[in-house]
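Handing you a structure now.
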Amino acid sequence: MKKLFFMVFLIFSISAFAADTIKIGAIFDFTGGTADVGKPYAEGVKDCVRWFNEKGGINGKKIELFDVDYSYKVPNALAAYKDFKMKGVVAIHGWGTADTEALTKFVAQDKIPYLSASYSEHLADGKKTPYNFFVGASYSDQTEAALQFIKDNKGKTVAFIYNDTGFGRSPFFPDGENAAKKLGIQLVDKQVVDLKALDATAQMLNLKKSGAEYAIVQETYMATSTILKDAKKNGLTTKFIGLNWTFDRPLIKLAGDAANGFYGVSPFAFWSDTDVEGIKFLRELNKKYHPDVHEREINYIQGFSSMYVLLSAIKNVKGPITGESIKHSLESMRDFSTMGLTPPVTFTPDIHKGVRAARIYQIQNGQIKPVSKVITLQ
Amino acid sequence: MSALLEVKNIYLSFGGIMAVAGVSFKVNKGEIFSIIGPNGAGKTSVLNVVTGIYKPKRGKILFEDTDITNLPVKKRAKLGLVRTFQNLELFKGMTVLDNLMLSRHIFMNYGLISSIFYFGKALKEEVKNREFVEDVIDFLDLSAVRKKYVFELSYGIQKRVELARALCLQPKLLMLDEPMAGMNTEETEDMARYIIDINEEMGITIILIEHDMNVVMDLSHRVVALDFGEKICEGKPEEVANDERVLSAYLGEEKWV
Amino acid sequence: MLSIKNIEVVYNDVILVLKGLSLEVQEGNIVCLLGSNGAGKTTTLKAISGLLRPDNGDITDGEILFMGTRIDRKDAAEIVKMGIFQVMEGRRVFKDLTVEENLIAGGYTRTKGEISEGIEKVYTYFPRLKERRKQLAGYMSGGEQQMLAIGRSLMAKPKLILMDEPSLGLSPLLVKEIFKIIKQLNEIEKTSILLVEQNANMALSFSHRGYIMENGRIVLDGDRDYLLANDDVKEFYLGVSSGKKSFRDVKHYRRRKRWLS
Amino acid sequence: MEFLTQIIIAGIVIGSIYSLVALGFTLIYKSTGIVNFAQGELLLVGAYVCLHLTVSYQIPFIFSFLITLIFMFFFGFLIERVFLRRMIGEPIISIIMLTIGLSSLLKSIVQIIWGTDTRTFPKIFSHEPVKIGFLNISMVYIFALISIAIFLGIFSYFFKTTKTGVAMRAVASDQQAALSMGIDVRRIFALSWAIAAIVSTVGGVLLGNINGINTSLSQFGLKVFPVVILGGLDSIIGAIVGGIIIGVLENIVGGYIDPLVGGGAKEVFPFVAMIIILLIKPYGLFGTVKVEKV
Amino acid sequence: MNYVNCGNFKTSYAKDAAIYKTVFSKISIYSFLILMLLVPFYANSYILYILNMIFISSIAAVGLNILTGFTGLISLGHGAFIGVGAFATGYLALNYGMNFYFVIPLAALITAIIGIIFGLPSLRLKDLYLSIATLAAQFILEFIFIRAESFTGGVNGMPVAYPTIFGIEINNDFRFYFFAYSFAIVMITIGKNILRTKIGRAFISVRDNYIAAEAMGVDIFKYKLLSFGISSFYAGVAGSLWAYYVQFITPEHFTITVSIQYLSMIIIGGLGSVLGSIFGTIFMVILPEMLRHLVDLLSGVAPFLKQIFPAIREAFYGIVIILFLLFEPEGLARRWNLIKAYWKLWPFSY
């Protein structure tokens, strides 16, 4: 028993040893339930760190990234967190909803800024969750943008399609419902489609009965593809708008023809948006770092821009780099440009969602095309 | 002598095959009563009906003049109806001691709470029953294997442990299903001795199912013979041994060549 | 054709069941093996047919020869192919297979042509099976099941059939019928048979030779007439006392110690 | 009425894929007594192999499908040989855990080889639905139904008339007796794994064509339990009927109850149904009732 | 601890039934327990976190072992029962502001009741059928966690406040260590006690031979339910501690994966052994962390390791389970006993 502890101690203390660097922890999902989107995201984050380090780091200090695959399991995330803490990280880049929420109190207590890819509205309140940040429009905001788009196109009725998890319900209840009311769009139907659903005939037929003109979808690629295919099969005329996790090339691969005409809300630029400065830059960067990769998922861009914001904030810290100082630096960001990868990023002490704008895209003949201006929310 | 157990005209069938067809007999207090018959004659089935593992299709079982035909198995042990099994049915993952202590289960009167803290009543009851168990261990000469796990023991010893387990339940009627099966002469002699002692010293009534005719003839006060689920003969050992129908059941009806 | 020499069988590495058992079956003979419950008769059959291992049993000593070849280390499947077939105790027909499917399974080691040939032959022995060829075996009576079990053994065209208590649970009339068929098989098909029985007299009267075993050993053997005439045989089963020491007279000792190991 | 018919048809189709996977489960359980928690992973491996052959080697789908079946046949065989053979006669919990361990092993091997992103089959079936009356049915679904029918045909022929098929049923019915007639029980065990791997693969490839594959597809393995409990663990016909019933019921619940409770009932319903079935009919619709003997 | 030093006689049955058979083992156990109290003064929060996880998980593992290892009822729903304990804790603490010394027993009791309800099918079901029924329990409970929003906060989960004792907030790993440690000791001692009395024997009898058990007058149904109850009680305590430790719970914490994880703990540790449950827990909690650090160390030498490591880790997990089942089916507890037996007679081990 004692021997065992000694061994544990030994191994842990060796790995804790490092030079004078800026330590950042990262919790990724490579193997768990969200690995399909988690992996490109992680690559984006890592590339960003690599790029910063090649530019000479931050104020001469290299960034040391401790990354952990937590397989979408909360206890793993917790273990990783404690490990990070021991290693003395100053900020953490996290991933999903469940783990982010599980760590919320800890990061607040330990004063470690925590960026994540969970865009739930309740993680955006600087008072309640003072150390949680995300770079992106919250799901609620995305929904509002979608509703705005519907209104602009003279739509009158809408339905919500979601999965029965925190992630799925977060955009609609209550924010999405309220926003619809505010904009005078009638909410006519709610349908639940499981993330792993293979068939959504029943839901689509119910949706058909409701006669909704538009339906906002909060799912991941697989379920979205099921929805679109079954909608097509059953001859629905409803127009579908998906939030950011539903919408990119993998969907086109999965759903084929059925993906045509599908709208997506995105606070991020797509790989195909070659007129965006950041995309041009990323294409160059990938040529250099990954010569055999020619295309990137939106998740890569997400990961990159999120880390870009964090590192830039660290760069702007005056004085010693601590969790607290990074938090202040983040909270003083105003209209920070991410080279166009996202609309300008603003954090305030109260609002910890970096982006309050999004654009509507549409899949047309297998291509992703922007169909609206950037919709900025108040 | 009054009847301790009365089996009245019981019928039992499995998937259309009659295992027991109208068997009746009485077991008197204090006797060793044997059931004999060729394989498949329905001996064990009768025992299973008496212990309640099978419900008879028809007929009644009376124990000390109360009808127990529909009494659940677990309640019969409390009345004092206890059995051993043909193919050892011990708790293999427990020590001999624990096997026997388990039999004292129904005599231990304490609840979860005192069990959690293992003091007061629980401790007192455990010790009290342990004393009883030790008496049985002593009686059957099991002290050397007390702390051994059952699966480590030889077949003969396991048989004895099973007997000990039954005794720990303080039975009024002890039913032994082939206690000698698979034993060598020495072990058989020991077992026979134990059975006699149990009967004579402890005054426990015994129903014995056994294939070894020597044992049956020597030990029993009365014998009933079954064949094809029917009773073919009942009486003193000598009477049964010389009964025509019994002879034919064992040796075949006639000599065909 | 079959000779067992001094075999020892152990179950679960502990329990010694056969303790140096030897017996022999001559070509064309019916040999019966008698003995009380737990004497090790079934174990003997399983040792021959290679069915011990699935029961955690093992032959630890001695050897079994069949037509001059050692078979005590062979697989059950190989042994069947060599021509030994065991009809297991309690019939063990495949209850959710039809009669004909049972027969097909019995002929597993034969070719397709031989199987259909075999089925026809079985039907000539047991016309009753032909009537019920499409019926599920589980729904047949005990006697019919026993017929099927024997018929199934014919399918493999064995040289030696090991039969474990064919009379078990059958009415006297049926027992008689079954034994007659066994006799026929032996005479017409020239199949040797090793028969395990409790029904001693009946079994003996059909056999050429008999062995009586107790506690894993052979205690008596001889040809039919010898055994039938032997008083011990009768006594062995009914124990009509003839000067033997009664179990009631066995003395016993008891220690009175109270040590907790 | 049209609504009901639509969801029933959709239920039948999804249910028939449940049936296929359940069939594999039942085959293994029936002949070897092993409860396979890795059924979903067999499906996964099969789907990925087929995809790999089709995409990377540009083999026409029908051939790559056949090659996959052959490959999976040996793969199932191998799994039995390497892992399960030693477990014969072990307590049920060990077997359950072994197959669980196997499932995480297989899944990670798939991840090591093919990664985690969702992959899709090239367009093999037209995405245009077929119209039959007022019903719209996808081509994949029709193909699923047909292939299930074909498999049923092959199976009933195999199990009814071939020697090996009969032997497999014999082993399922009474292992010792089967052994006594010279049936090589161990070969039969391996064979049943091989066949189970094949049927799961068919399920996996069909699913892959419906909606692409990633590792979460293996969750399908758990769906099998309500199906086999309903049909009876050891009944082939039960697996088929059970699959279709569960598929249909699931969709009816999805269509009528989900809107009332706000969703999710469709997913949990099979398990609720399962408990009810277990309590009323513990051995399912067609399962063999076990009699305890002392 | 079945090995008894020679030359050691007991004069009463009570002493013979004691947990520690010799003075030596008693002293060494107590001194180990006291030594453990010193650990937090030297360890950092990461190590403390791992130890805390071991304490919490070992409580749940002992509970599962009581049900599965001792009573022979395989449960695939333990994770969900832990969830019941956690949500009950959250609900009671949040809505009634109760302190933990009311909340934890109450939450555990609620879990026990739920456990008994889901144990009811054991009246009719055995073996495999029962374990499939517990699988259903897992999914049904997960559904309820999500749907019963007013109790569980639904998918958004619920925050849980720190427990306080004598005005001290147990708000860090250091303090929580003592909190969890004392619970672990109490629960494990209780488990040991239950298992050495008539209840424990009845459990084993149900597992080993329920027909004989019934013939011995054991009410097997009652004991199956009791086993479900006690096992869930343990799960409840563990869930409650988890809730207090993590301070935020969502349904996603209590999935089937958790149930399987616990099953593998007791398999690896040893079914039917309290000590085994603890060993299994230690093994399963430390294994992934060790692997991770190992790969971190090695990735300097072979960077590709880092790339495929996540998948390898899962494979490793599967392989460990399989190897244990194939080569050490009785788990670490047996190995421990063998080692102990060896050392007891050392250096004269003949």
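Think of it as A, B, C, D and E in the order they're written, each chain with its own count starting at 1.
Here is the rule we use: a residue touches a chain if its C-beta (ideal position, glycine included) is under 8 Å from a C-beta of that chain, and two chains touch if they have at least 3 such contacts.
Here the structure is a predicted model, which is why all the values come from computation and not from measurement.
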Joint neighbours of chain D and chain A, given as chain labels: E
Chain whose Cα centroid lies at the greatest distance from that of chain B: A
Most distant chain from chain E by Cα centroid: C
Whole-Å gap separating chain A and chain C, where each centre is the average of the chain's CA atoms: 74
Chain C and chain E: spacing of chain centres that average the CA atoms, whole Å: 51
Separation of mean Cα positions, chain D and chain C [Å, integer]: 42
Gap in Å, rounded to a whole number, between the CA centres of chain C and chain B: 29
Touching two or more other chains - residue numbers and ranges from chain C: 259-261
Two or more partner chains touched - positions in chain E: 4, 13, 16, 146, 211, 310-311, 313-314
Chain B residues counted as touching two or more neighbouring chains: 53, 85, 89, 134, 147
In the complex with chain A, residue positions of chain E that touch it: 32, 39, 44-50, 53, 146, 154-157, 159, 171-173, 246-250, 252-253, 257, 282, 286, 288-290, 292-294, 296-297, 309-311, 313-314
Chain E residues within the chain B interface of the complex: 2, 4, 12-14, 16-17, 190, 193-194, 196-199, 201-202, 204-205, 207-209, 211-220, 226, 272
Partner chain B, residues of chain C touching it in the complex: 14-15, 17, 36-38, 141-142, 165, 168-169, 171-172, 176, 179, 198-203, 205-206, 215, 228, 234, 237-241, 244, 246-248, 250, 252, 254-261
Complex contact set, residues of chain B against chain E: 51, 53, 73-78, 82-83, 85, 89-95, 98, 101-106, 108, 110, 112, 115-118, 122-123, 125-127, 130-131, 134, 147, 165, 169
Interface residues, chain A side, partner chain E - complex: 1, 4-5, 8-9, 11-12, 14-15, 30-31, 68-69, 71, 73-76, 78-79, 82-83, 85-86, 97-98, 101-102, 104-106, 109, 122, 164-170
